[in-house]
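To keep things simple, chains are lettered A, B, C and D as they appear, and every chain counts its residues starting from 1.
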Amino acid sequence: MKQEVQTAVVGVTGYAGAELARLLLHHPRLKGIPPVFAGRLDHADTTRGGIPLAEIHPHLADNNGTGALRLEPFSWELLADRGVDLLFLATPHEQSREWVPQALARGLRVIDLSGAWRLTEASNRAVYGFADEGSELATATQSQAVYGMPELHRQIIASAQLVANPGCYATSVILALRPLATAGLLDLNAGIIADAKSGVSGAGKAPTPKTHFMYAADNLSAYGVFTHRHTGELLEQIGLKRDEIVFTPHLLPIPRGILSTIYVRFKEPHTREAIAHVYHEFFSSSPMVRLYENGLPQIQYTVRSNFADIGFQISADGRRAVIVSCLDNLLKGASGQAVQNMNIMSGWHEAEGLL
Amino acid sequence: MKQEVQTAVVGVTGYAGAELARLLLHHPRLKGIPPVFAGRLDHADTTRGGIPLAEIHPHLADNNGTGALRLEPFSWELLADRGVDLLFLATPHEQSREWVPQALARGLRVIDLSGAWRLTEASNRAVYGFADEGSELATATQSQAVYGMPELHRQIIASAQLVANPGCYATSVILALRPLATAGLLDLNAGIIADAKSGVSGAGKAPTPKTHFMYAADNLSAYGVFTHRHTGELLEQIGLKRDEIVFTPHLLPIPRGILSTIYVRFKEPHTREAIAHVYHEFFSSSPMVRLYENGLPQIQYTVRSNFADIGFQISADGRRAVIVSCLDNLLKGASGQAVQNMNIMSGWHEAEGLL
Amino acid sequence: MKQEVQTAVVGVTGYAGAELARLLLHHPRLKGIPPVFAGRLDHADTTRGGIPLAEIHPHLADNNGTGALRLEPFSWELLADRGVDLLFLATPHEQSREWVPQALARGLRVIDLSGAWRLTEASNRAVYGFADEGSELATATQSQAVYGMPELHRQIIASAQLVANPGCYATSVILALRPLATAGLLDLNAGIIADAKSGVSGAGKAPTPKTHFMYAADNLSAYGVFTHRHTGELLEQIGLKRDEIVFTPHLLPIPRGILSTIYVRFKEPHTREAIAHVYHEFFSSSPMVRLYENGLPQIQYTVRSNFADIGFQISADGRRAVIVSCLDNLLKGASGQAVQNMNIMSGWHEAEGLL
Amino acid sequence: MKQEVQTAVVGVTGYAGAELARLLLHHPRLKGIPPVFAGRLDHADTTRGGIPLAEIHPHLADNNGTGALRLEPFSWELLADRGVDLLFLATPHEQSREWVPQALARGLRVIDLSGAWRLTEASNRAVYGFADEGSELATATQSQAVYGMPELHRQIIASAQLVANPGCYATSVILALRPLATAGLLDLNAGIIADAKSGVSGAGKAPTPKTHFMYAADNLSAYGVFTHRHTGELLEQIGLKRDEIVFTPHLLPIPRGILSTIYVRFKEPHTREAIAHVYHEFFSSSPMVRLYENGLPQIQYTVRSNFADIGFQISADGRRAVIVSCLDNLLKGASGQAVQNMNIMSGWHEAEGLL
């Protein structure tokens, strides 16, 4: 890849898009090369040459020049004219299903933050009900997709044309379980429980009854029991059968952050030290994962960082563990991980612009 | 009025409506006489005979029979069949403009929680832009309306056919200022500042960008500066000219409660005791107003009660006061005050069912 | 028991005590018989004859007479003079260990809200480290204690001299699991997971680093993994061995409410209907438990009520269930349940004063 | 000043200290020169050579070396040994009164975040009740102090030995009013109202009844009416007499952020454009102040930034304005402004490390 990278972002109006814009605008490798922000605009905004970014996200407005940035009317020509190399899609699943093949056909590399291309198995994708499921184009595109979790797939991400950025819940659960699964320690007959809790930004920016302050505040609710769409990612990336894990998400009355409490049984008893060793080995080259020696992670220590924090407790008999995994759903769970993938794809240090 | 009162509520789906339902269902004078809940329903709900109240408000479902209550398709015939005497409208302004005259024509007494009939002066009503402004029917209806603040208008409320229930912000500011205004203490040339802060329920149940958890949480914002619709109520009920008060509402990141901080200058210096005396005299017969001898009210002590709490501090020179006025915007600021008005209209003790 | 009951409350300054005071002051059977509020006061407060209740809890101050209530200096003589029949202790565990035997010796009936007398097995009590553990007096007292969960022990509560009011977490988990355990449906080899989340009032009123707004707000944290003191109650009341359940509490950034997400495996596959039937049978005479036919309970619908709400989802193969149990930790999880016990002990309807 | 600056921070355990540490650790001019963190430690911590910073602030722990940072036992020798040039004191007022003269005597430059040295007038300092008030040393020290608000005193900050970093509330109010005061527009006879609201971090890290989650959450309260300590800063820096402004702070149920709503009357009517011009002129060289052309600032857009945001509305008659001023109390209101001062004192761009 050439020394400089020109990025583009579609979907900057959403929460993940805003975080992505912030990260890219301050990224040390992209100084003086702000992303192209593009999207489908209405006629009035198209006519005035797009919308100043500062109108959409006042906190991205500063006095050092980015005030000039605009969200421009999307076209493939615009991206070509600007010499875009790398396209971030922070778009709905359906839009990513449509646009990713077009982007690949034009030679762009793509990091897609939606759920469109994360799942290898058709049975796991079924929950999305994609209109183009099974088509030749979709199958070919899926075969190019790399699941964008650097801690698992660093090497193939480096040369990937299409990176499917993981789901936020999935990231928190997979990072906690994959080391134990890879080491063959888990008693899968006993089953795994992943009880996950997420802040409201995970529910998206559209005002709905469930994102109303009066619904979310002073409340906690479970949803998507046995049916949440991130389950397929858990199965494929941890290597589980469907009945080997129960995943339950909850809506927390906080803006951002995920905490997953994960319950496993081991085939054999283990000491805390042995389990800690497994994690340390697995993440020895992973700068964005922090392992707790004592105590347990909390949402507050990961919010507004790209770190995934993992800690655990072992039962007295050494046969069970409770693992706590925390991250910021908009960063390590979305845009931060996307930038981490960009870094790897560009040959830069994985954590650049993320500390 | 006959001994028993049959109430009806239109608008039970909203926040004020839900509180009104709760209060009426537990009111000691209405035992065994639950309100008729009525509204415009879609075809499917009409066909199934309305919507069980417990579907709309699970917390109103209990095991003692109210599970049978339904929100029924509204018609004037329904109200007549059920022998409704008193109609509560927790409806949008425009709907109240249309329905109140009809209700009065059918001999119903009405407590209207909207802003439709609160304002005597056409100039103050202008901000609402009512379609029927100036019509004969509207003028006649307005002339029957009594501003439903018991602490000011107890006597005429008792016999009113139409009570216009006050605005939530207006209640908190008027109760704090009217005693001082009536006593002629205020230096109106210096002007009055009312800096008011309200929880999100004041913004209504419709999901909007401003009621999204992500917008309201961890935030504070001012709005409606110099233009808020409750200003007219302040002018008429305190007796002020428009340039004698500045009223600024803010959106607090809490579900409910209003705190108004009010700044006045006196014509002459006064002691704390003298001002306290003025308040005590004014509210001597008002069971729902609590005056603070020491310290200042806080939202937490009024939330989920029908009390308006008032406290103040006097400057060292005795020429200025900062008055703090708190209430629950859904109770004393809406449904609780409506029930207080019902009590007065029915000849019951003003605070019945409100303690 | 005589027709009238004179209650006393020790511990009114805490959160549970305040709720207890509120409930007793408004209880229909206690009209005109307010509780005696007593506690250890410092010299100054003793000298002035105690502390006005309105100073401690402004929201308990109203204009109808309770303003006269005081927190008085505790003595057994005071209780005798006032003719106290029933003593509520909302006190620290150690204080309850000391005072309960004295109260019983004086013929008082006691409802103790602490953890002092809840556990039958010495091994389960060990976590408390009671100084008097194993003493003759303690053993005799414990043998009189009835675990105060009406849904399980209604009959023996009615005649109990000492009721040990359950823990808040324990109530939410036991109510969800006991029906299934009693019916013999649970595969205990697979183990049970109870992932519980509680609002900050559960952590008590003392200001600590963990109850600081800055720690709790916008955060979630797990604590007491494998070690929480309520575990013993689960074992004894559900009938489990220690390694058959993992219980993990979390601190939610909300004032009050508990939601427990509970994961079980059945010995045999079951339909939703079959499981619902088990719950309905078990709770057929329990007015304070609400079972959800559809959807799942949420904290918001139980807060400020004495209801325990229970709902569940069954996996596609019918072998697993996720049960969600919600309640208000200060009401059904503490003071509301205490009043429910008082009602039963007094021969009144179980739900009186709680709806 | 030499090219490199070695900083030291006393008070890293508090909220402002933590933010200061974060800013300094990531400051582009301080790469490879982490601050010396020092404080009074107990014997155990002194013996083990201080406390790892990651134990105190887990979120400051990352995998790139700062894990080695420690909070070390304070001594002037330690600072000398490390070649400290610039000392940040995020310490209680009394400690700053004691330590600042010692630091100056040793030739250190000091940025003091406490209120110890902000006030020129003894009458304004009286509220602090400093034990050394009026002593020769205190008088000499005060005479060296520069009020560290770059937008007002940029030039003298550059060469200052002692910078007294402004109060958080004071910053938000002074920035809003000083341009209008300097331009001579304000009718001071009418008086100014500054109604300010701050998140809980402003109340400090010590657990107290008022910082308990249960007190602050879902609440709003006013405090320090007519008496708050920041008032003196307003008088001195805006140029007001005590009776020309009323300043009322409130405690918001959010972690951080200040919004001040400020009410002024003009001597003459002015257009919005004229007032906007005054602000633009005043802040033309101030990169950390953002002026709103439309709409009003909100806390959410300044939190976690060093910007002060200012917007306003003019009354229809042009004689009154409502000004809204927002900032993050821990950044522009404390540590961010301290870094801004460091930048100026070091000859760097004012906004370095702050965007």
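Heads up, the rule we're going with is that a contact is a pair of C-beta atoms (placed from the backbone, for glycine too) under 8 Å apart; a residue touches a chain by one contact, two chains touch by 3 or more.
In this text, all values refer to a predicted model and were calculated from it rather than measured experimentally.
Trainee: Just how many steps, at minimum, does a route from subunit B to subunit D need if it may pass only between touching chains?
Mentor: 1
Trainee: Have a look at B-C versus C-D and report the one with more C-beta pairs in contact.
Mentor: Answer by contact count: C-D.
Trainee: Return the chain whose centre of C-alpha atoms lies at maximal distance from the corresponding centre of subunit D.
Mentor: In terms of C-alpha centroids, the chain at the greatest distance from subunit D is C.
Trainee: Roughly how far is subunit B from subunit C, going centre to centre by Cα mean, in whole Å?
Mentor: Here subunit B and subunit C have centroids separated by 37 Å.
Trainee: Between subunit A and subunit C, what's the gap in Å when you average each chain's C-alpha atoms?
Mentor: Using C-alpha averages as centres, the distance is 41 Å.
Trainee: In angstrom, rounded to a whole number, how far apart do the mean CA points of subunit C and subunit D lie?
Mentor: Each chain's C-alpha centroid was found; their separation is 46 Å.
Trainee: Residues touching two or more other chains, restricted to subunit C: which are they?
Mentor: Answer for subunit C, listing residues that touch two or more other chains: 215, 217-218, 253-255, 300.
Trainee: Applying the document's contact rule, which stretches of subunit B touch subunit C when the two form their complex?
Mentor: Checking each residue of subunit B against subunit C gives 26, 58-59, 61-64, 218, 287, 290, 300-302, 304-305, 307, 351, 355.
Trainee: Report the residues of subunit D in contact with subunit C in the complex, numbered from low to high.
Mentor: 15, 200-201, 205, 207-209, 211-218, 253-255
Trainee: In the complex, go through subunit B and note every residue touching subunit D.
Mentor: So the residues of subunit B touching subunit D come out as 190-191, 193, 195, 197, 215, 217-223, 225-226, 243, 246, 248, 250, 252-255, 257, 259, 261, 263, 265, 296, 298-300, 303, 313, 315-317, 319-320, 322, 324.
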